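The same chain A turns up in both complexes below, where it pairs with chain B and then with chain C.
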Partner chain A sequence: MKKRPIWTGMIALVFLLSIFLVACGGKEGGIKKDTGNSLIYGRGADSKKLDPIQVTDGESLQVTQMIYDTLVQYKDENTEVQPGLAEKWENSADGKVWTFHLRKNVKFHDGTPFNADAVVFNFERWMDKNHPQHKGGEFTYYPDMFGGYKGDSTHVINKVSKVDDHTVKFELNRPLGPFLANIAMPPFAIGSPEAIKKDPEKFNENPVGTGPYKFVEWKKNDTITLEKNPDYWVKGLPKTDKLIFKSIPDNTARFNALKSGDIDLMNGMNPTDAPQVEKDSKLQLFKQQGMNVAYLSFNMKKKPFDNPKVRQAISYAVNKEGIIKNFYAGLAEPAINPYPSFMMGYNKDVKEYEFNLDKAKQLLKEAGFEKGLKLKLHAPQDPRPYLPNGKKVAEFLKEDFKKIGIDAEIVTAEWKTYQDQVKSGQHELALYGWNGDNGDPDNFLYVLLDKNNAREKDASNISYYMSEEVHKLLVEAQSTVDQKKREELYKKAQEIIKKDAPWVPLVHATVPVAGKKELKGFFPHPTSGYKLYKVSR
Partner chain B sequence: MLAYTVRRLFMLIPVLVGMSIITFGIVHMIPGDPAQTIAGEKATPQRVEEIRKELGLDEPLYIQYGSYAKGLLQGDLGKSMTTKRPIGEEIGPFLAATAELVFAAMFIAVFFGVNLGILSSWRQNSWFDYSAMMIALIGVSIPVFWLGLMEQWLFAQTLDWLPSNGRLDPRIQMEPITYFYVIDTILYGDTEVLWDAVKHLILPAVALATVPMAIIARITRSSMLEVMRSDYIRTARAKGLSEFWVVYKHTLKNASIPVLTVIGLQLGTLLGGAVLTETIFSWPGVGRYLYTAIGERDYTVVQSGILIVATIFVIINLIVDLIYAWIDPRIQYGKK
Partner chain C sequence: MQTQTVDIRNKVVEEDKPWKDFMRSFLRHRSAVIGSVIILFLILIAIIAPVLTPFEYSAKSNDLMQSPSANHWFGTDEMGRDIFTRVIYGARISLWVGFFAVIGSIVLGSLLGLIAGFFGGWRDAVISRIFDILLAFPGILLAIAMVTILGPGINNAMIAIAIINIPTFGRLMRSSVLRIKEEDYVLAAKAMGMKNGRILFHHILPNCWTPIMVQGTLSFATAVIEAAALGFLGLGAQPPEPEWGTMLADSRPFIQTAPWTMIFPGLAIVLTVLGFNLLGDGLRDIFDPRMKQ
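For the complex of A and B:
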């Protein structure tokens, strides 16, 4: 043992030598170094699954959108619908029958043809819980957008059938206002029936679609690599040979990676970093219209928030401009209605509760809280695109509340716990928000403020706002395809909602996306689902 | 020595059983509902209830633990609730990624820590000693995430010497063999990719190494100082041995017990606790795997993952204890 330093050194040497010897005989072919024309997109989280119907998170859907196509799709910059796998479509006079004419000569990545059978197969798999391939996970978006599964009394789609090889007919039980907008959503993308039948459980990890890119490799928590589909049905697309999604969880680290040139484009940026991007000659800033809303919810099940005067009083005590200036670096618009002004049926005429502490005090007095009021204010710990710093916003609100005699105690939790708390109505006041899916007002008003969604557990109407009047308007707007009429109904609903004040709508956040200066063809889409296949340098 | 080893191995059994109960218990105390998480934000309450049944979450806790423990005994760590894949299979690459990072960090920490400590003790109260201990103090107190971001800013962004994150250039596709990228690239005999893997390893390893390096340096110094005052060192010097030999052979050997303890503890801690470094450098390691699982309320992954990490920690400590006995035969704990 005396000569240990020497023999440990020798062991190390032998080890290195043996590795070197193995290396000389090196294995072949396991490494591919294709550093050609690729685009690296940095994002905050990894995908969960790659079967589009089985995910609800934006990061998963961003990837599936590159691998699959939907029958109809959104335009580059807004949520107007344009042809996708269907070239054209028509709707019957009563709004209950939709006929789609499919694009010809389109093939899935596995070489099988895309046709009416494929469309029918996918919809049957989603809607029918007894379908042999209704497997692999949850099909959450389907019942959410189409009123339930096959056999449920509320299910909207009665039948999907093949008319001929390139024509599909949807027969509905009742007209559905946002039907086309729903069909365009990325979860309803058409996958290869052959691949799904082969192994519906593993389809999650081996996606096969008709989209601009083919799936190559998924290193969990790290990268997803896609390669160009040379047979894509739009000539000249995609623009790059490879598309790589790289997860970098920390916002600042991701921004560092962009500045170092390790990635080409990034989402989930701190709004406060945006001015730096604008100053940097190697970078460019894209400002995405915020199809979202951050709001302060009153739990109307709890006293005294069942009293409209209390809700209105607090509405007058919220300084939206201050919040935008301090926590969004100016990248937001004050929210007056539950959804942003560029969407259909926005009511410009509703009267805003301006920031006015005297009025707030007056209303509190009228409500019988002259001596003040104690309340709990829930705020999320983790950043969301619509609410980058919930806790700070809560502290900011607390200061103004103090001036009108409200003593707010801030309660905060990690995101999952937070969601569980507010969705089961454990809060009194809570900061929360929503990212729009499809650009239809129904996706905001019905989801967030209809009494049907004020469930005991897992509510999406977390204010437990039970207005019958609003419910009638929203259901009527949902069941008609006459867009003029829908607009009128939504305008009316916004008026009532403003008066009842179940929320204080705070802001519609502009989402900053940053990329290298030389990138062309990037459109920051309001749904946050970007057409990365159009990006070139 | 053999008897001691066997006895220590037997003592592992109650520890492991205790750990499995604790991880199981803690995980079930996390607020939140895994069934809800699996069903997705937009699912109906009925569906959530169905999933709860499917997963056996409606059973009493002791029955759930019973079936879990039975599986463990058969080497079955369970399946991930979210991905539905066996955890034993899924966790491998993440463990390897963390191990590679931790070994690199420990190499840096031990090499620099031990030598700084030795030099400081040798030249006690010199300017070298003062500045080295000052650096060590800063190293112990520095927040890892801040250091990581600063490294990225300096070495990746400003100087452009090293990549800012990840394990490999994302444009390189490599079919992993051992999932230790440095070893894999050597096995493939591709020096260019090897260099790329090493370059990716440097910044996170240095960030992760700072704290243990500082602790090791401080412990080495104080331990060395104590031994240097002993009589046999004076004898060694009097014999006319060279100073290098006195310090690195005679002093270090006897001073190494506390140093080894710290190295062992730090190694164990880093294996499970590299999550901050992994997050900043988007290193797909086991810390982030578990962190994500906690966020998704993936009970099975969290409990089995923590159990694996804890087991590794216990085993490393065991190895350290055995090394003590080997270095210093006077140590035979509990021997009557």
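For the complex of A and C:
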């Protein structure tokens, strides 16, 4: 009896050691799967739904992009537009009428033909809340990109009509600058009208499109299996017979699965693991241009953050280079404007607030906070592509804030709760970010900083930045088709935003994607929507 | 008069004996000694933490992710903070949380157990059902629920851990009371018309003390683990507090590139829990009358 406790201790130690050893070994132990001619893509979360118009998250849209096509699509490497289901298109002189000429001899996976009727049907279903098949859930992206639903005063699309079997005409109420870029977004993919009519509720789980892969099976929270569409309208695609999406939520576990060969490709890796991939002879690292931004938002509804001096002071106290070195393993660029420099209309002449604690202190003093300031700094617990370790960035900021007399209390929450909190303005300062959808500046500036998006609930302008001046510029840029003029307007807007400092833009993160060495034809697209059907071994 | 004085002196000597007895069997019990040495060591480290290290636990530096060296004994984390410093400051948090959580549950649990056991009847029914309800949940789940309601933070985690441990002590106390209240000396006190309060606190409570103490030591170990678990889930200590569980959670991304960020806080938890378990088991053996020669 008396000896037992020591034995328990010993056993505990042996157990601990064995865990450690297993973690070290293990490499050769993985089961070699017969992958055949298939591609297994490991990702951080499962799809929510398979009807593209009803989802907004990247993981869901990644899958629907393989099953459906859009009228126009992005090029492999960037967000320039190329023909998709539409072979060519024209825009009228006043910018209000768009005519699309559709590809012929394209069939949906259920055998029904793709034609002008299908396009009209899909758009009517999305825009009209009273449409009999407007069912299954929220169609969030439609009103976000086209100013509302049918009947709303701000709705952009007046009418979508069939000219002949392979020609569709869009009549707009006002010109829309980013119209083509919007139409190319994966949520606006054309589904089979027959399948939707049959059961609009179940269409979520039984997707039927024209895309390179057909849907086979969905095991919730585990895998989604797709098989080759032999009749795909691009000859020679897709490259693999099967495409499997596997959800492995933990970043480290997913990386281990890649190393052991259970998956071929993965997204959402810790930037700190990137150097390991580069060293590994069996793997390759893809660096995706960061069409994203991580930022520190001030809630301008709350005192003292309505005072521009306080916001500017804090802007001077943020060490962006330090954040990149510590938490992004160097895989990021410091952000000066709300969107990255490779996008249209980037203003490189704005005056950056450099890291300067003396200036910060001086400004705080001018604002009347000589004795210091207490604030709450919200940070998300879960990793995001643009912010792999929000909690740590908050700790990092806290240390520098301390030096200028700001006592920051860090508040963290799990992602869903966190979103609810910041989108209803419960924060004082919050770390947040955005992944660009279509490469148009409108998709950053209007969404994140226009007063129309500073809603009480579900705001996307979480700083509650209400500038009339910026609003005018953004709306004008939105309804202009002349790209040169739009560039000027966006440059002007960035200047005002920089001066008002509703945020501290932190970084544009380069997104690391890792895959097996033998993979060919993978392009890390800036939207994070990858054309996996072009990947071969 | 004189004889009486002698009697008292004899009595004092008599009372001294159990303590000596205890010390003798304690020192003979190897695991109890090892356990208490570990615990004393941890307490010492927690107290003199600032003397042991030149670093500050929250101060970042430019030495990112360094492996253990003469300068940084346990290496540094991704903000360049010294892990040795964070681990020894972490001992303060863990011992603090463990101590107050256990004291809290002992006080509340014993009180409820005393009332339930001594008075019986409807009081017993109500209190015992409350214990049953608390015990029906897995402890950590209940703690998570409570912290979610109270809001994350080290003090709320402490309260939650105290509450989930109440029934353990309550039941232990109740069963002891049920046995002791039938003892002759209690019946005698009752017959002499002694008030309930006095019987409870002068006769019953002191005689129920031993199992509570043993359980308390063992619960200390569980409380440390529970605090670490809550920290790991992001519900316990908030950054930049150097809590061991939080440190473990934070080091997950680096398990392959910088394993020292995970190993040392992990070992600290193991050592603390081992210490308290050894001591607790030892105390149980020592106090168990059947184990006495």
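As a convention for this text, the second predicted complex is superposed on the first by the 502 of 537 C-alpha atoms of A that agree within 3 Å, B and C clash if a C-alpha of one lies under 4 Å from a C-alpha of the other, contacts with A are read in each partner's own complex, and residues count from 1 in each chain.
Note that contacts are C-beta pairs under 8 Å (C-beta built on N, C-alpha and C of every residue); 3 or more make two chains touch, one makes a residue touch a chain.
Nothing here was measured: the structure is a model prediction, and the numbers come from that model.
With both structures placed on the common chain, the touch criterion links A:Lys325 to chain C but leaves chain B unconnected.
Touch counts on chain A: comparing chain C and chain B, the chain ahead is B. When the two structures are aligned on the shared chain, A:Tyr141 is found in touch with chain B, with no touch to chain C. By the document's definition of touching, neither partner reaches A:Glu518: not chain B, not chain C. Judged by the touch definition given at the top, the superposed model places A:Glu399 against chain C, while chain B stays out of reach.
In the superposed pair of complexes, A:Thr252 makes contact with chain B and with chain C alike. When the shared chain is aligned, no partner comes close enough to touch A:Glu80: not chain B, not chain C.
Once the two complexes are overlaid on the shared chain, A:Asp164 sits clear of chain B and of chain C alike. After overlaying the two complexes on the shared chain, residue contacts for A:Thr225 are found with chain B alone; chain C is out of touch. By the touch criterion defined above, A:Lys391 reaches chain C but does not reach chain B. In the superposition on chain A, the residues of chain A touched by chain B in one structure and by chain C in the other are 5, 20, 23, 250, 252, 414.
Put simply, chain C touches chain A in their complex at residues 29-31, 34-35, 58-60, 64, 78-80, 152, 234, 238-240, 250, 252-257, 263, 266, 270, 274, 277-278, 281-282, 285, 291. In the complex of the two chains, the chain A residues touching chain B come out as 5, 19-20, 22-27, 30-35, 38, 40, 46, 48-49, 55-56, 136-138, 140-141, 143-144, 201, 204, 216-217, 219-223, 225, 242, 244, 246-250, 252-253, 256-257, 259-262, 413-417, 419-420, 455-458, 460.
Contacts from chain A toward chain C in the complex involve residues 1-2, 4-6, 8-9, 12-13, 16, 20, 23, 250-252, 270, 272-273, 275-276, 325-327, 381, 388-389, 391-392, 394-396, 398-399, 409-412, 414. Within the complex formed with chain A, the chain B residues making contact are 31-33, 36-45, 47-48, 51, 82-84, 90, 93-94, 145, 148-149, 152-153, 156-157, 160, 163-167, 169-175, 177, 183-190, 192-193, 248-249, 279-282, 284, 288-289, 292, 295-297.
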